[in-house]
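The structure appears below as structure tokens.
So that you can tell them apart, the chains are marked A, B, C, D, E and F in the order they are listed, and the count of residues begins at 1 in each.
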Amino acid sequence: MPVTNPASLLNPDAFLSPLAIEEAVQRALDEDLGRAGDITSIATIPEAAPARAIMVARQAGVIAGLPLAVATFRKLSPEIRIEAHCRDGAIVAAGVKVLTISGPARAVLAGERTALNFVGRLSGIATLTSDYVRHAAGTRLRICCTRKTTPGLRALEKYAVRCGGGFNHRFGLDDAILIKDNHIAVAGGIRPVLQRARAHIGHLVKVEIEVDDLTQLREVLDTGLADVVLLDNMDIATLTEAVKLADGRVVLEASGGVTQNSIAKIAATGVDYASSGALTHSAPNFDVALDIEA
Amino acid sequence: MPVTNPASLLNPDAFLSPLAIEEAVQRALDEDLGRAGDITSIATIPEAAPARAIMVARQAGVIAGLPLAVATFRKLSPEIRIEAHCRDGAIVAAGVKVLTISGPARAVLAGERTALNFVGRLSGIATLTSDYVRHAAGTRLRICCTRKTTPGLRALEKYAVRCGGGFNHRFGLDDAILIKDNHIAVAGGIRPVLQRARAHIGHLVKVEIEVDDLTQLREVLDTGLADVVLLDNMDIATLTEAVKLADGRVVLEASGGVTQNSIAKIAATGVDYASSGALTHSAPNFDVALDIEA
Amino acid sequence: MPVTNPASLLNPDAFLSPLAIEEAVQRALDEDLGRAGDITSIATIPEAAPARAIMVARQAGVIAGLPLAVATFRKLSPEIRIEAHCRDGAIVAAGVKVLTISGPARAVLAGERTALNFVGRLSGIATLTSDYVRHAAGTRLRICCTRKTTPGLRALEKYAVRCGGGFNHRFGLDDAILIKDNHIAVAGGIRPVLQRARAHIGHLVKVEIEVDDLTQLREVLDTGLADVVLLDNMDIATLTEAVKLADGRVVLEASGGVTQNSIAKIAATGVDYASSGALTHSAPNFDVALDIEA
Amino acid sequence: MPVTNPASLLNPDAFLSPLAIEEAVQRALDEDLGRAGDITSIATIPEAAPARAIMVARQAGVIAGLPLAVATFRKLSPEIRIEAHCRDGAIVAAGVKVLTISGPARAVLAGERTALNFVGRLSGIATLTSDYVRHAAGTRLRICCTRKTTPGLRALEKYAVRCGGGFNHRFGLDDAILIKDNHIAVAGGIRPVLQRARAHIGHLVKVEIEVDDLTQLREVLDTGLADVVLLDNMDIATLTEAVKLADGRVVLEASGGVTQNSIAKIAATGVDYASSGALTHSAPNFDVALDIEA
Amino acid sequence: MPVTNPASLLNPDAFLSPLAIEEAVQRALDEDLGRAGDITSIATIPEAAPARAIMVARQAGVIAGLPLAVATFRKLSPEIRIEAHCRDGAIVAAGVKVLTISGPARAVLAGERTALNFVGRLSGIATLTSDYVRHAAGTRLRICCTRKTTPGLRALEKYAVRCGGGFNHRFGLDDAILIKDNHIAVAGGIRPVLQRARAHIGHLVKVEIEVDDLTQLREVLDTGLADVVLLDNMDIATLTEAVKLADGRVVLEASGGVTQNSIAKIAATGVDYASSGALTHSAPNFDVALDIEA
Amino acid sequence: MPVTNPASLLNPDAFLSPLAIEEAVQRALDEDLGRAGDITSIATIPEAAPARAIMVARQAGVIAGLPLAVATFRKLSPEIRIEAHCRDGAIVAAGVKVLTISGPARAVLAGERTALNFVGRLSGIATLTSDYVRHAAGTRLRICCTRKTTPGLRALEKYAVRCGGGFNHRFGLDDAILIKDNHIAVAGGIRPVLQRARAHIGHLVKVEIEVDDLTQLREVLDTGLADVVLLDNMDIATLTEAVKLADGRVVLEASGGVTQNSIAKIAATGVDYASSGALTHSAPNFDVALDIEA
């Protein structure tokens, strides 16, 4: 399908403000083009020379970032024509073509690196997430992200997690309550901190609280004031116990030590969510390239 | 040393516009605080409660990003006081304290994740780079980065490479010429493309050209028009041959397959630079935490 | 108390990103000063002339916006000194002094209107909210706002609602689910729409659904999938019935026809929240003035 | 008429930079969509579902803000089609359709509140202004606004005043001289202050001076140096006297106590302008809604 | 005098929004520092090396732009100390010292060119203006600028004109009416166009109209609807005649052919203003340098 | 040719980020339109009135800036149609038509001054540069610019130099090393400073060093560490000697005293480049006008 609107390649089930595409592309291109632009192409490629480029996945995985790639090329020239062979969230094998870009060679070459950087990073996150998700297949466990994201790319990285089949934790400090040990300590205990939280916030904000052991979990459950409990760095046996204790009264999130190896075991405990910072802060780049016929 | 100016913690030998600190911190905090700010701390921590936090490296490596951490906390409250125990470029062991932050508990908690995200990502790059560099120790080989950076973080990531002992390749499409296969093809060959480049650009711009084999390298050397030659994906034997051929007439950069395993062998060939995209696009996060006494 | 940090006058129990102050003041001053600045004061007031101004409430009510007033004056001159006689959330009588501003007359006069516009608008909202809240005193009813805010002032206006004792509904489309009639219609009914929502979103997002009658309410309750139900435009009798039906299983929000006259009756029904767009979109300006001794 | 250019719905006789539309819409949408966008619609509405919405005035009045509504929807999706049934400045009865919006249901729902907030606020101002203007019908009195506007919305609100038939006072501190009591006091009197003003400013700047009584008015008239005199808080008898005194030598603006009740009497005095801050700072929201068929 | 507030060096009689300083400096430094900053100084100057620099006028003239120079250096390092030997509007001889800057050598060198570019351009305009003004000395003729300014520097360049003793014409299309031949033609003549203008605009906007000959001038005078008449490209005899005709009923501005040679003659005609685009669009750079002792 | 994409009129051999056009036009229009827009045209020209305008060169020279002119008009109205009779870099005689603009009269008049300011300034630079270049015709001397540019217009002015046949020196402090006397002094001499530079920077950065006399030049040549030597303020005889000394081992740039009169003599010495700040900081405006048939 020929693409005129970059947003048409967004994963339809993932959350992202449509304004984020333009803003991210503007910043990335500005950073790469600097003051003088692509001086190599201007100096060596005639203005009228055409090119055709195919964006190819060089590994298997889940694609994310195509709307940003499309917006990158289109910003460089209105003469660029793009055909999309899939959209964000597509599961691809190595060698699969994802986009065909045609137009002025200068624009194709100027946009190459920026487009690939977007798709490489976001597909890397989507692919790692999908791997985590696969380890939980057939269970009720949901994999979710954290706020451990690259500064300035939060929204895009959380979008990529969702493209890979994961779920989103808080997008920022402002959209949910997450009470940690320091909040508890300052407020004088679990019950007082939860009461304070409930007294201040409205009915559209979830309250999550982090606990380190089952004693704390019991305290939380007794208050009836938490929506979600984060079980921090508990071993599998403790997690299993926690699920029994909670008995469906709160949502349970396991955190710490969530890796491809541990997910199946965590899933077996019956917790609802397992969260991992590595999904966003340590996902290796997805190998994607542009094959250009200038 | 107590820190009032975030830039005083910059690595004095690494390149970064001082304006980049403020801009990156503003964007990252804006992204994390959203509209309502840190609702958890506002709801649960009394405004006057103090806190003291220590940023601790949880792994060995090279630190980068402290100016951004400092600027983050200071932007949240002018009452924050920070003491730095090292600065960017410091080589640390696991458990080493890098910063002590004192001030209003709300501000300390609100800045925690953003500060850690900066230091985690940039120290991750610096640490991976320093590992590459160590493999080239005692040789003349210099490790350098590429433009395969996280969109929007180019300048900071290149700065982190330098903190780790690496060197910087182009910062963007505008500050050096890098001629690739497509430029050569469109321009009609190696000599014509180099002549076009030289005809257009001034005397403050270096010209690098990518070659795939020794035949191309010979062609380039014959022209005498290139400053640097990028030897793309050549095996060790070919690299060795290339060094002989060039005989000091151009700077040689090896690219492709540059990993911790291959660096010593590449260094032995006598090429001047080895470049790796993985330094920036796939560096795992550096493990750093904030121990807070609220 | 002399004020150096504008944020120190924020209401400590209200939610606002501290970055919002600077951004709003920059925009407002830019809008008022234009290219040439305060040409009247430059033309008629000697640069060295001092002034002292007292910001006085000319009506009774709740003050909000002082941090913006302080930031306005300080941005105009570092020589301005400000003493605050109260902070945001203060309940004042007519004639009460809120700020004393001393410094260059040119800066005092240049900042006057912008500072008053902030305090007038936000105190207007806080005062109207506190009036609504007073009508619910002694009951468990909480007054809350909507997204019917002045474009570009969302965060500040929601902050003012909180200063007046109200609670905040969603800050935007992205921080909670609110399902309305159209969502229900397209998704094929109440159960399917709630199932879709639950299937997509994570555990940190509340789900609210709007219903028009008790039949719909029953359907929602049967699913057990909603956190909050918005009871749209129901009369007092129906609200009372709804409370009985829900029996504490969901939070109930009454919407439509919420005015100073109806609040006590709504409170008596036992619903948890009453929301009103008028708090933000139709609050009359609070009468506040600057008495200047130049 | 189908609308492709939002500016085509601007009132052709009202003043507004065409750049203001895009800037205001970008900011308002950014504020509402946040990082994750309209999560309710993404979670519950299939991407391909269409919708048709009709914007309907629910009260009689004067419409303003349609270009902003159009730009809002179009920014959310290029597939949105809009038909306009009137343009800014139109006088409508309750129940009148103003816009028909067709396109993807997700985009229609995501833009609903932002579009209504613009039209509600600006039509509120236009409608209140038109009411003031009607009270002066058949006289030479012109109704005008002040700088008592919502911070960040100055240009739009002054535009709305003009849509309602009013006239614009200064847009900022930089486009006309308005000398108040403090300027007079510091400069040493009416004559010196007017002389200072005239000595500094060029020939494209009007000079207005505020007076409290007829003695001051006489002094101003004696200098021959003012273009406009603002008669502050004078009763009807004094205004009448002022008009006689001035005898056409200056333009006279009555200020203070200008309400729907007093306008006819003020008009009868023969002053040229009556200015009111309430037009912009206290106009109630105009009741407008979107009837959606999803 | 040691300078901490850049705005303290503004010419106290010239018009400029104080916000313009920071914005212009941010943009100029960003443009010069790019991504990597001052790589020469970072590579060659030890971080701790101090420097002392003296900004010296290398020609006689009028200084403008010092606040921008100060803000430039201070933005680069809080350790910079600046002493000002004069302020904007100062008349200097060649060789006069204007600023002494002390601090880290890296910051001094990084700011040098940006600071000089500001002072060179603005002092160039101020100096050329003062030369024009001197030719009108002893007459009532005022020299004024136009909108023929460097894109993006309008406010600063108009400020510099005022520093040189000139007066400001319109700052933009929005702060005064200037009717030209095309407006007259479309509106159907001089009287209709002036009537249209008066019917639309408020009492704080001046109306100027351009005429080519005395017949047109008479028409304008007959209407009594213009505040200012622009006499376009008239010779001295015609200007003299125009002054007689107008007889003080309107302000007269001569435009076209205003040069150092013609000013005295124009002044002798009795017109009020002579405007020149060359003041801003063709002023040669003022020769100013930084003598650095590193 | 009818123009839809402003970038299509860029000089194909000159360097400029395509993002620079939109950004510069947005800022310039914003500066000129202010809050209220073109009040003269709104007040006097019916919305539907068409106009046709021809941009005409009123002097001979080299045109630059047309993409900015096109973008200016198109931003004001999508109904504007533009035909280009030449593109940037065209050599024109006085009286030559460069653009024909057709569309709503209001938009044509509103864009007139901004479009002319861009073309006037940039064509002024291109024309002056081409004059310098002509004096070097038939020699190998290249004319180049400096960083002495108008703050905020660096990229556009360097682009204009290239349109005039000149070459670009550094675009900023970050894209090449230029060692001056202070760097030498602090680093302890020519060899140490060059060694420091080489030790820090990568292989894509050129190193230039400024020398005052032949002794210094010899020192530089002995190190073999410089790519380019800037010969500062040397007379013709010394330049000739320098060329002999260098004997092709470095690129030589003459600086200081480069004027139309001296270029031929400088060229005869055999240096490679002559740089002049006057090209950008003191180029007189190019005379260009818009002939409008409204």
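Here is the rule we go by: a residue touches a chain if its C-beta (ideal position, glycine included) is under 8 Å from a C-beta of that chain, and two chains touch if they have at least 3 such contacts.
All figures in this text were calculated on a predicted structure; none of them were measured in a lab.
Minimum number of contact steps separating chain B from chain F: 1. The chains touching chain A as well as chain D are B, C, E, F.
The most distant chain from chain B is D, comparing centres defined as mean Cα coordinates. Interface note: chain A and chain C, two copies of one sequence, contact each other through mostly matching residue numbers (shared numbers exceed half of all numbers used). Centres computed as Cα averages put chain B at a distance of 43 Å from chain E. Chain A and chain E have CA centres that are 51 Å apart.
Contacts with at least two other chains are made by residues 13, 15, 17, 31, 33-37, 39, 42, 46, 154-155, 168, 171-172, 174-176, 178, 200-201, 205 of chain D.
Chain-to-chain contact here is organised exhaustively, every possible pair of chains being in touch.
Note for the complex: chain E touches chain A at residues 31, 34-35. Considering their complex, residues 13, 15, 17, 142, 144, 167-171, 174-176, 178, 200-206, 208, 227-228, 251, 253, 272-273 of chain A touch chain C. Residues of chain C that touch chain E in their complex: 26, 29-30, 33-37, 39, 42, 46-47, 75-79. Taken together, the chain B residues at the contact with chain E in this complex read 4-5, 7, 12-20, 154-155, 158, 168, 171-172, 175. Chain B meets chain A in the complex at residues 24, 27-28, 31-46, 49, 51, 68, 105, 109-110, 113-114, 116-118, 120-121, 124, 147-155, 171-180, 182-183, 185-187, 193, 196-197, 199-201, 205, 277-278, 281-282, 284-285, 292, 294.
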